[in-house]
Amino acid sequence: MIRVAVIGGSGYTGGELLRLLAVHPKVEVTYVTSREYAGKPISLVHPNLRGFYSMNFSQFSWDRIGDKADTVFLALPHKVSLEYVPKLLEMGLQVVDLSADFRLKDPEKYKLWYGYEHPYPDLLKKSVYGIPELHYEELKGAKLIASPGCNATATILAAAPLVSSGLLDIYKLVSDVKVSSSEGGAKPTEGSHHPERQNAIRPYDADGHRHAAEAEQELSILAKREVKVSLIPHAVSSVRGAFASVHGWLSTSVPELEFWKKVVDFYKNRKFIRIIRGNIHPYPDTKYVIGSNYADVGFAIEERINRITMFSAIDNLMKGAAGQAVQAFNISQGFDETEGLKLPPLRPA
Amino acid sequence: MIRVAVIGGSGYTGGELLRLLAVHPKVEVTYVTSREYAGKPISLVHPNLRGFYSMNFSQFSWDRIGDKADTVFLALPHKVSLEYVPKLLEMGLQVVDLSADFRLKDPEKYKLWYGYEHPYPDLLKKSVYGIPELHYEELKGAKLIASPGCNATATILAAAPLVSSGLLDIYKLVSDVKVSSSEGGAKPTEGSHHPERQNAIRPYDADGHRHAAEAEQELSILAKREVKVSLIPHAVSSVRGAFASVHGWLSTSVPELEFWKKVVDFYKNRKFIRIIRGNIHPYPDTKYVIGSNYADVGFAIEERINRITMFSAIDNLMKGAAGQAVQAFNISQGFDETEGLKLPPLRPA
Amino acid sequence: MIRVAVIGGSGYTGGELLRLLAVHPKVEVTYVTSREYAGKPISLVHPNLRGFYSMNFSQFSWDRIGDKADTVFLALPHKVSLEYVPKLLEMGLQVVDLSADFRLKDPEKYKLWYGYEHPYPDLLKKSVYGIPELHYEELKGAKLIASPGCNATATILAAAPLVSSGLLDIYKLVSDVKVSSSEGGAKPTEGSHHPERQNAIRPYDADGHRHAAEAEQELSILAKREVKVSLIPHAVSSVRGAFASVHGWLSTSVPELEFWKKVVDFYKNRKFIRIIRGNIHPYPDTKYVIGSNYADVGFAIEERINRITMFSAIDNLMKGAAGQAVQAFNISQGFDETEGLKLPPLRPA
Amino acid sequence: MIRVAVIGGSGYTGGELLRLLAVHPKVEVTYVTSREYAGKPISLVHPNLRGFYSMNFSQFSWDRIGDKADTVFLALPHKVSLEYVPKLLEMGLQVVDLSADFRLKDPEKYKLWYGYEHPYPDLLKKSVYGIPELHYEELKGAKLIASPGCNATATILAAAPLVSSGLLDIYKLVSDVKVSSSEGGAKPTEGSHHPERQNAIRPYDADGHRHAAEAEQELSILAKREVKVSLIPHAVSSVRGAFASVHGWLSTSVPELEFWKKVVDFYKNRKFIRIIRGNIHPYPDTKYVIGSNYADVGFAIEERINRITMFSAIDNLMKGAAGQAVQAFNISQGFDETEGLKLPPLRPA
């Protein structure tokens, strides 16, 4: 059994990690911290977990973490992970960081997108970007996993087969993402107030969401050339689920079947990718992945004008956050990547 | 491994059974039938199950069922189960019937509530009403399990500690149930059309829903006297979840803490009952059981006028249908009752 | 043109008043105050009203209110209205108060339900409880209108024909109310956070909601005896709409048609009451009143056990708050009661 | 008073027309037809309209229409309007057609997008495409108004200032539209079944929705060159509201303020266009137009890569259908264009 700590366990991502790890057959959760709720029962914050954890949240302690854990999951805000990761690694612990702090390889990008000078450029080289479908081999034995953002995951998994195909006319993509309210985290805001959020259809960060940085990094590797990605999220009414529609222009007319084969090839043997095509349900739908770690991927081509759109549907807290982190952790430990994640999606939900 | 057949696998209850049984460690699903979809892939109807079943729906065949299955789950409309149950039992198969056809002990009640003369009164005596919290011992080794209705389950689990307490003034209860749209099944109707159903708050069957018959039967056993239950369901906006508010009048002033102890006692050692009380989340909420087999139970007393309301929140497809059926099946087979059901609820969902 | 001020214009009730008064043919809105938003444009807080108001919110000023307004609508929290009402009346202004501060006739009830000694018992005698269907004549020329609470309105309009009928067995009623999120007001809370509120079905104030005080007052008048009401609200997923199911026991078997006539008689000539009965839509539904001032009223009788449930569906911000206040204001001014309220409900919404 | 007939009054567009026309001060509704519901009360199909229409639906009759109406609104399926329009015009009646049958000027486009040979190419020349913001002058006195599609309206109103600006790099636009369930009409389908539709995020007609034909026609006129539009609708959870995000690439870096002025100029004096910009609500949101005829328009520029997205939010049944039809009708009759449409949007809704 791997002894696991969750640092920052009171948010939605922390709660989802706790939900998955509670029934993971190779893991024992030994330590869960929260600044705000230290001393209080986990089930007070996460009423769904009543009966699964008898422990309370702890205040984080450097003295105890080493005794308590082999692996540390960090579900912390951006920039806060920086305070933990280097020392945890020095202590010999494995780190799965769900913040953005170690996702980008190029330290310059932190200035550009996050507005700060990255203090550990060497660690950026060592961290593995945790999309297993792209970095499976690197994840084996990884000591620092930088788990991707939800909108980035949706965008990258949709666009990867397309940018790899060599069929794009221009290497600028628009990822129009539709996101559910749980993406915004557990803190109430004016915009998350139910009467204001329910039935909304509105963009945010529309002059360029910073998950684009991750998408450009990963898609440029696959394309073997620079790819520009414009990522525009839109708030819609659901609670769980993110959907990316990545729009591009093909350089030539491509029959659907031919492109279909490229997508199937690209994702061959990837256990959490399902490629969607058919008559009744021709495209992915967030409804059919909720509660699971699947990414459903599909596409449409408008032959008249050579427009292609790649689609992906994920559960933003699963494949977009905690589920993908556990998947990457599984691979890093030599477990089957589906360990603790063998759940079919709920339907209807 | 128990070989299991699901008869009527294309509806929501059938789909939920298939979802649970796909990852049940002691079960192999060998046969799934559907009149309408025979010959078509299971994942066509249940896109969430892509990757979990490679088989197609079959047309039911008496010649094959005996070779294929040890246990048969029937997810069929009311009155249709009657055509299957006696012969399946004769063939020596175990039957878990999710219809209403074998739930009521008194054949007269079928005339009153369902409008037909029950053809197998003897089987009514043999069937076990499948709420494990009330019939645990009887379920062991049971050959015919009559799995309860969702509104009945919610009502009975809420009201059971109350009617057992001997504290009621009058033994007439009103169960005001709030139900999600998946309760209505997978067939589109005018009332289930999204623009008509979303944001609705409206009662139906308000002159007396027939799940009251089950509730009266079970609660009268517990009360050791006749209990009358009026069950009025109301459609609200969610997709999953049923909530019962069972209103009654106490014969005397009862302090909250005293009643609380009675509820705790009543449900001692029941693994899928969670009793809710506290400051932040004082009452059950369907949100915290979704995707799980839990029934969260609670209550409120208005001392001023001795009114008591018992509450229960369930996932109508889980504890209200497929989950409870699997739980009862587990007990009947001597498995731990949580086998295949060890899932914490989703949150947020 | 009546010059109207809205004091406390930044909440949902204030916003709804502004929406209605903006197009009311006999009203000019001259003064809108908000402590928090003084100096800021009305449309900043109420983006729906872009183009309807060019004015900013003001800080309330006793020096200006007299010059600015003939009638003052108070959309203030409970207890805050107390600071305004007496002096406004002294200044000769008409007051329509949407708080609870002048709804109850008996000052003792303020101690019991609201926990304070009412400082103006004389004004309680003078105020008119603003349900026009019950107090039409008193509203004519009224200088102080106490506009009712939404849950009270729903409960009273449902129960009024029942308690007046003389057919109840016991004069204790349970009003099980289902409420939308806008009832909670415009301030974000943990419970109103979209991921926590959407898909919820949960009671609150379940040991007795204080709108019961209003309901008991009004229904006792109608019954000509003491009526006890237990009011239990339940949060459900929608944004607008409140639905009351008022459960009682009849003293005798009453045919539906007979009771139907009593309801029709009771609400004869009431322009904003619609009595619902029929095959396709047999009961009220919040969906069919949204955006309007209608209360749809209906009922169901379970003859088997003489249970009756009276139903009402209202838009909580309209007939439950701002719409009803405008209706009462119209009557007080001698206008047609439908002035500025002639809007059919939206469908679908 | 103009005597108005609504042909095809039982669907959502017909119902919305009836809702608006019931309180339109210059209109009398004299005739409402429905094949399916002839002889039945209007309020049976549209329960929101109880109390507004005492008449029944009629079977359409050529003998009666001439006596009954001056203006005929056709809320009929595509291709069915063809059977009515020429003869109604011959009879001297004004026609406002809400189908697609007279929207496209080039008969070839009907072959391409709708698969039929248009039988009345001459009438295509005479019809006026009913977006008043683009065709105000032509609408005056128009005898045949072709009222636009909802997705086309959203796309065109968003993109019009952009294509007119001369700032586009390539004249191919992607309109990623998010649509509510009422767009699909009043007939239940598998996809509109509440449990399947609620919480969905899924594209449809993703290889090219045919409203693109209208958008290309109108935007090419404005751009004075050929504009290609790819229109991809996505079903999201709400009941009302359509949101278009029209993505394009600018030929040069354009400061936000400069572009802002162009948009303001473009829509100068247009009463139903509101241009959105600011800190708290920087972009349009369907929430703030529901129940009204407004189109809220905005944009975002990602300067880093010269990507621009134009946004529009409309109520699909109002500005996207019935409201816009009434607006165009008002202009055609010489009325103020806001007649019968002076309603602020609901909030929250």
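Each chain carries a letter (A, B, C and D) given by its place in the written order, and its residues are counted from 1.
In the analysis below, a residue touches a chain if its C-beta (ideal position, glycine included) is under 8 Å from a C-beta of that chain, and two chains touch if they have at least 3 such contacts.
Here's who's who by UniProt: A, B, C, D = [LysW]-L-2-aminoadipate/[LysW]-L-glutamate phosphate reductase.
Everything numeric here is computed off the predicted structure, so don't read it as measured data.
Distance from chain D peaks, on a Cα-centroid basis, for B. Comparing chain pairs B-D and C-D by the number of C-beta pairs in contact, the larger count belongs to C-D. If you average the CA atoms of chain B and of chain D, the two centres end up 46 Å from each other. Between the CA-based centres of chain B and chain C the separation comes to 38 Å, rounded to the whole angstrom.
Per-chain CA centroids place chain C at a distance of 36 Å from chain D. Within chain D, residues 12, 181-182, 190, 195, 199, 237, 239-240, 280, 285, 287, 290, 348-349 each touch two or more of the remaining chains. Taken together, the touching pairs cover every possible pairing of the chains.
Considering their complex, residues 12, 15-16, 19, 22-23, 44, 46-52, 181-182, 239-240, 274, 276, 278, 280-281, 285, 287-292, 294, 296, 342-349 of chain B touch chain A.
Across the interface of their complex, chain A is touched by residues 172, 174, 176, 178, 180, 190, 195-196, 199-204, 206-208, 228, 230, 232, 234, 236-243, 245, 247, 249, 280, 282-287, 290, 300-305, 307, 309, 311, 313, 348-349 of chain D.
If you check the complex, the residues on chain B that touch chain D are 12, 181-182, 184, 186-190, 192-195, 197-199, 237, 239.
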